[in-house]
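Each of the two complexes below includes chain A, the first together with chain B, the second together with chain C.
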Partner chain A sequence: MARDRIAGRRRLTQKQAAALLLLPFFAVYAMFLVYPFLRGIWISLHDWNLLAVAFNPDAKEFIGFENYQRVMWGQNIEWSAWASPALQVVGLAGAGLAAFLRRTDRMSRATAIALGLASVLLFVLPGFHPGEGGRWYDRRFWPTVGNTLVFVGLTVPGVTLTALVIAAAINRETRAMAVLRTLFFLSQVLSVTVVTLIWQIMFSPRQGLIANITEVFGGTPIVWLTDQQFAMAAIVITTIWWSLGIAMILFLAGLQDISADLYEAGALDNATGVRAFRHITLPNLKRTITLVIVLQIILHFQVFGQSHLMTQGGPNDTTQVLVRYIYQTGFRDSELGRASAMAVFLFVIMSGFSVLQFVVGREDDR
Partner chain B sequence: MKQILIGAAFAAGFAVPGVAQEVTLGRFFGACEDAGTDTKASVGEACIIQSIINAASAGIDGVTVETLPTDWGNYYDQIKAAYAGGTPPDVHVMHRHRVPEFAGLGALAELSDDLAAAGIDPDDWAPAARDAVSFDGGIYGVPMDFHANLWHVNMDLMAEAGLVEDGKPVLPSSPEELLKHAQMVKEATGQDYLAADFAQFPIGVRLVLALMWQQGANIFDGDTATINDAAALNAVTAITQLFDADLADPQLNYADSQQAFLNGEAAVLVNGTWVVDLYDAEAAKAETGLNDYYAADFPTLFDQGATWADSHMWAIPASLKANDPETFGAALKVLAFINDHNIDWARTGHMAVRTSVLESADYAALPHRDEYATTASIARDTPPSERYGAIQDVLNRELQAIWLTDKPVETALADAEAEVQDLLDR
Partner chain C sequence: MNTRGYYWLVVALSVPAFLWLVPTLWMVSLSFQPNEVLARTTSTTALGLLPIPFTAENYGALFTFGQTPWWFLNSVIVALGMTLGVLLVSTTAGYALARLDFPFKRALILAALAGLMVPEQAVFIPLYTMFADFGWHNSYHALILPRMAVPIGVFLMMQFFKAIPDDIEEAARLEGVGWLQIFWYVMLPLARPAMMTLAILTFLYAWNDYLWPLVSAQKREFFTITLGLASIQSNFAQSEGLGRVMASGVIASLPVVLLFLIFQRYVVQAMTVGGSKG
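Our next item is the complex of A and B:
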């Protein structure tokens, strides 16, 4: 009887139900992500002063792609194969390696294409340089991009390796290991202000722990945060300490997914300790490692607080990173259009890595 | 009619007891947790200003003041974002050098006709203070101080090096003498002659600027950058000769350079007027390495006296005056209260802006005040520009490149000039 009544009602088709249930999400998503994003692109096509437009909405001017040109291009820019030999040789070598590994079938097609593309970019992009009497319109932009890449290039392997080693070491069900797990994860819950404060004290040449240890051994303390050679290292160390936790937890989850049978079987074939790690743990963790690396890349491209609070981008801009430059351009200099153009550039880079993760992830599903 | 309405609104506001008008206030100077309301007892910029604000909140009938949390390093970014979002604080502190940018856009309320009614007498302001808050013939704020770079001196180290005469430090009168004095201090005491924040905040920039002004030069003139010249080269090498001879350390930041001075590891610290009362208090403590403290005028190493200076001032958003007369009235009362306590703020070491205060016995009796009496007359700043912040940043980066990364001086000055020119052209 009751069942009949329900059956008598007009039922939503599965598609209609899905649309209805997805609607709240799409509304929020459109309002808080899609619209601001499109507006960001729109702003990047204008000469848009933050304060002037706030007081007078007509104070903006449509200038097309001029912001992009002013940020990324220059006067008399030329291209040559040997403008920046070190990077370009690495690029060429990478392209060659991708072709070789693909031909000998030691690398899947998607991975080879990704590696090849990255290598070609590494060969092509550093080749641009100002010719005679020329100059970049914005002398700081590309060095800032370079600093950001260096930061990501040091931090991501640093976090991944450290987290992997720690996870492998504490992947045991004892109380001591549970305590250690919590301790290692604890730094992750701190905010960037707290983390940078702790490390500014650590690195201080007068009162810092590191300086005190150096002095005990008779050395002169390094002035980490204002020394050109150590400032970036200091920020990278801070970041590794800070963002270890999530990577470690992901690795622990991955490690616990590996069946104990595999290790047992391996032990019979005399694979224990480091060999077991190399031949059993690593291959089974491949997907987790990829995930951690891509997540970290996307996360660390957005580095801001560490550089802003610890070194103010210095000394001599060696720790100036992209998001800090965007922030300065937008808020200190009020040039919202130009800042948006840089933000769109950052978006393109990060979406590149997201696509890469998508491609690599699909490959594993084959 | 409008006046009557506003008057009625005011009357209504006052007629209801217990409903206080809340005024939000934005400021830098750092945080002070327990400032209290005693404006005569607090020490240091943060606590002195907060005690004045607390006293205003407690003392002005029908007005409470809420100090918004702001961070010094990002203060102007926060204020700009607040203006852009349409929610600026009802009163906020700012520097003289920001007036062209903020008043130029119409962000600040013009106060000429409101000051007298609020009990603020602009004629009592020193002429330079009135200049500081004026823009295009209007008055856009209430000035609070002049602040400038001083040479803070450790007299014990100077005496050891034989650089004290009649109880005053003997300061150099040329770059050559600067080097000689620095060597004398090193030989006699083993300590550095000069410390300053050359590594982060633009104290080093202000030092070089002063030495450029002392030669009659400046970093730009109208729309033309003029950094890459002999005057700048002289100014920079006057400093770098100390680094090269190991008589000063360019790697110290603000906190470290201050600590070095307080530990007795540097005879001179270049820093602003804002720390005079703080160092005076530190020198009184037995545990610091600084015992005999002297606050000297910035010495003249070239042709004419000059030191970097600026002013702190308080402003009200134009939108408040236009849309919310009640809060605007309350905000003016807060400014009047701060103006009335100019002598208390001068306890920091800053120079007062009111003639009546400058001429008072209380002011003359403030510690070390007579030691840097000339500073007011040699105070200078770069020409007004909407891009002040960005220009300072360029100079800071290029100068840091010289002393922290061994970039050749000529290249750095050429790069600085090109970049400042870019900013002026934008």
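Our next item is the complex of A and C:
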């Protein structure tokens, strides 16, 4: 009986078996990822109001790239090299640094291109500004992108440095270190709503633990989440606490790959502790560090929950981030066309970093 | 490093490790304190880190009042459904792409690889309109299906199947075993560790996902616990009582924390894969 069944199934050729096995995935893939992606671009080319189109499917109007213009451009926009000197100088310096490090062969080509490109963008983009009598069509879009960049710019180095130091310190196969690792990793598995719940109350000036501690020392509690100076810091602290785990684990994996012989040889040259960290650990961990940074950028550029739940983008839009702006434009203002244009913008940036991540991840296959 | 140096290192590291634990500990401690006390002060004993005065009634209240148990059940259904679905499509496609020979194989792999570049945040609007057209919102399949299209599981399984030596398969072929039987009886049992990693990755994602449930589930009956918790935290202090909201937070975290403590190795592996590839 069983033999008959097997003999019967053998008639399925390899191609047929492959088609059968591939079908479930590629069906959902085409339907729930490829199609929505293309449809997103399609929506972004329309004046598409969520409610109007829901009542009458013909209520949308094809307007080409006007949504992109309405989101990113303005009236009388001019460009100059000193519109935002601080950022632009940093951009120029970054580009110069990338060229120099590449010339002297102290940086891999992919990293140099990435740094160079980012620096050039940092020089070019802040140079745009409304000229006399001009204005941005959407006053909130670029500040929102700016806030997202500030968030990424504070969170990524914060997580990376903390995780690197902790990983280097607990990189030993003992029971105590395993317990410490568990403690540092635990917060990583919590959901964004639990994390924001905890930290909203941690930061509360009336009930919060931080305020309680401040009061013990006789200080005045900070109104973290509604103070323009502290709101961004509050969600950055929350995020560092939340997402330290992955970075730490990736660093630990990278540290395992460094041969113990190197440290023994280093010890003969009197390189232990901090000196060993600087001269042996860091150079050998370069690729992991780059990977962790790129990963964190991708992850944190898409921040939504922390801003949405803790500060509602406020106070005064200082913690408004890109994904939250897309969400609001789409579902509060019902402007699906404009929201989709922003989503495409997000995708373009993210895919740039994905390619970079792919290239960096590939480098060890040589 | 000598023993004394090691001893001091552990002591020195215990301080930041404890600080890292404090916020979670505080949530647990508050959930065991009476709401009347918390309304006055949250720092009764040891800055509120010890639950004295103690009460368990916040947890009792969750089951008699509010929708937390219902949301919890929704989360279980969605997370298990998504895990099974992802395992199904990932193991089948992963096996075919890794070990079978057929036309356009490279093109299909590249097509799937491209999907890794599309973040959920970039497609949630078209997905919303699409599901609205179908009338699918406020349902379990609406919460489950979009994640099944994310190709990360396929790549995880593909890499695993590629590493299996050829002779196992060849022996079975010589015996006259069909491709589907090889997949089911030979490959899947071998793939258990990789499937475990993928299952945990998917379960954690499903349990903790916030943006898509927020967009898709508008009726409170279809909230997941993650979404439900977001909906009650905005007015936590006034209506529900701080202790009760914290108890909801503890309940919402319990499955993932237990999963983490029991299967720590797999969880760490899963999050590393999830972090480094998608």
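In this text, the second predicted complex is superposed on the first by the 320 of 366 C-alpha atoms of A that agree within 3 Å, B and C clash if a C-alpha of one lies under 4 Å from a C-alpha of the other, contacts with A are read in each partner's own complex, and residues count from 1 in each chain.
Just so it is clear, a residue touches a chain if its C-beta (ideal position, glycine included) is under 8 Å from a C-beta of that chain, and two chains touch if they have at least 3 such contacts.
Just so it is clear, the model here is predicted, and its values are computed rather than measured.
A.B. asks: Between chain B (first) and chain C (second), which does A:271 come into contact with in this model arrangement: first, second, both, or neither?
C.D. replies: neither
A.B. asks: Is A:226 touching the first partner chain B, the second partner chain C, both, or neither of them?
C.D. replies: A:226 sits against chain B, while chain C stays out of touch.
A.B. asks: Once chain A of both complexes is superposed, is A:55 in touch with chain B (first), chain C (second), both, or neither?
C.D. replies: First partner only, chain B.
A.B. asks: Between chain B and chain C, which makes contact with more of the residues in chain A?
C.D. replies: C
A.B. asks: Regarding the shared-chain residue A:258, is it in contact with chain B (first), chain C (second), both, or neither?
C.D. replies: A:258 contacts neither chain B nor chain C.
A.B. asks: When the two structures are overlaid on chain A, which partner does A:149 contact: first (chain B), second (chain C), both, or neither?
C.D. replies: Neither partner.
A.B. asks: Figure out whether A:304 sits in contact with chain B (first) or chain C (second), or with both, or with neither.
C.D. replies: Only chain C; A:304 stays clear of chain B.
A.B. asks: Just checking: does A:331 make contact with chain B only, chain C only, both, or neither of them? Give me first, second, both or neither.
C.D. replies: both
A.B. asks: Between chain B (first) and chain C (second), which, if any, makes contact with A:90: first, second, both or neither?
C.D. replies: neither
A.B. asks: Where on chain A do the contacts with chain B and the contacts with chain C coincide?
C.D. replies: Residues 50, 53-54, 309, 327, 331 of chain A touch both chain B and chain C.
A.B. asks: Under the touch definition given earlier, write down the residues of chain C that touch chain A in their complex.
C.D. replies: 6, 9-10, 13-14, 16-18, 20-24, 26-27, 30, 38, 41-43, 47-48, 88-90, 92-93, 95-97, 100-103, 108, 112, 115-119, 121-130, 132, 145-146, 148-151, 154, 176-181, 183, 204, 207-208, 210-211, 215, 226-227, 229-230, 233-234, 236-237, 242, 245-246, 249, 252-253, 256-257, 259-261, 264, 267-268, 271-272, 275-276
A.B. asks: Using the touch definition from the top, list the residues of chain A that touch chain C in their complex.
C.D. replies: 6-7, 9-10, 12, 14-15, 17-22, 24-26, 28-29, 31-37, 39-40, 42-43, 50, 53-54, 166, 169-170, 172, 174, 176-177, 180, 182-194, 196-202, 207-209, 212-213, 216, 241, 244-246, 249-250, 253, 291, 295, 298-299, 302, 304-305, 309, 323, 326-327, 330-331, 336, 339-340, 343-344, 346-347, 350-351, 354-355, 361
A.B. asks: In the complex formed with chain A, which residues of chain B make contact?
C.D. replies: It comes out as residues 73, 76-77, 80-81, 83-86, 101-102, 105-107, 199-200, 251-253, 255-256, 259-260, 387, 389-390, 393, 396-398, 400-401, 404-405, 407, 415, 418-419, 422, 426.
A.B. asks: Taking the complex as given, what residues does chain A use to touch chain B?
C.D. replies: 50-55, 135, 137, 139, 204-206, 223, 225-228, 309, 311-312, 314-318, 327-328, 331-335
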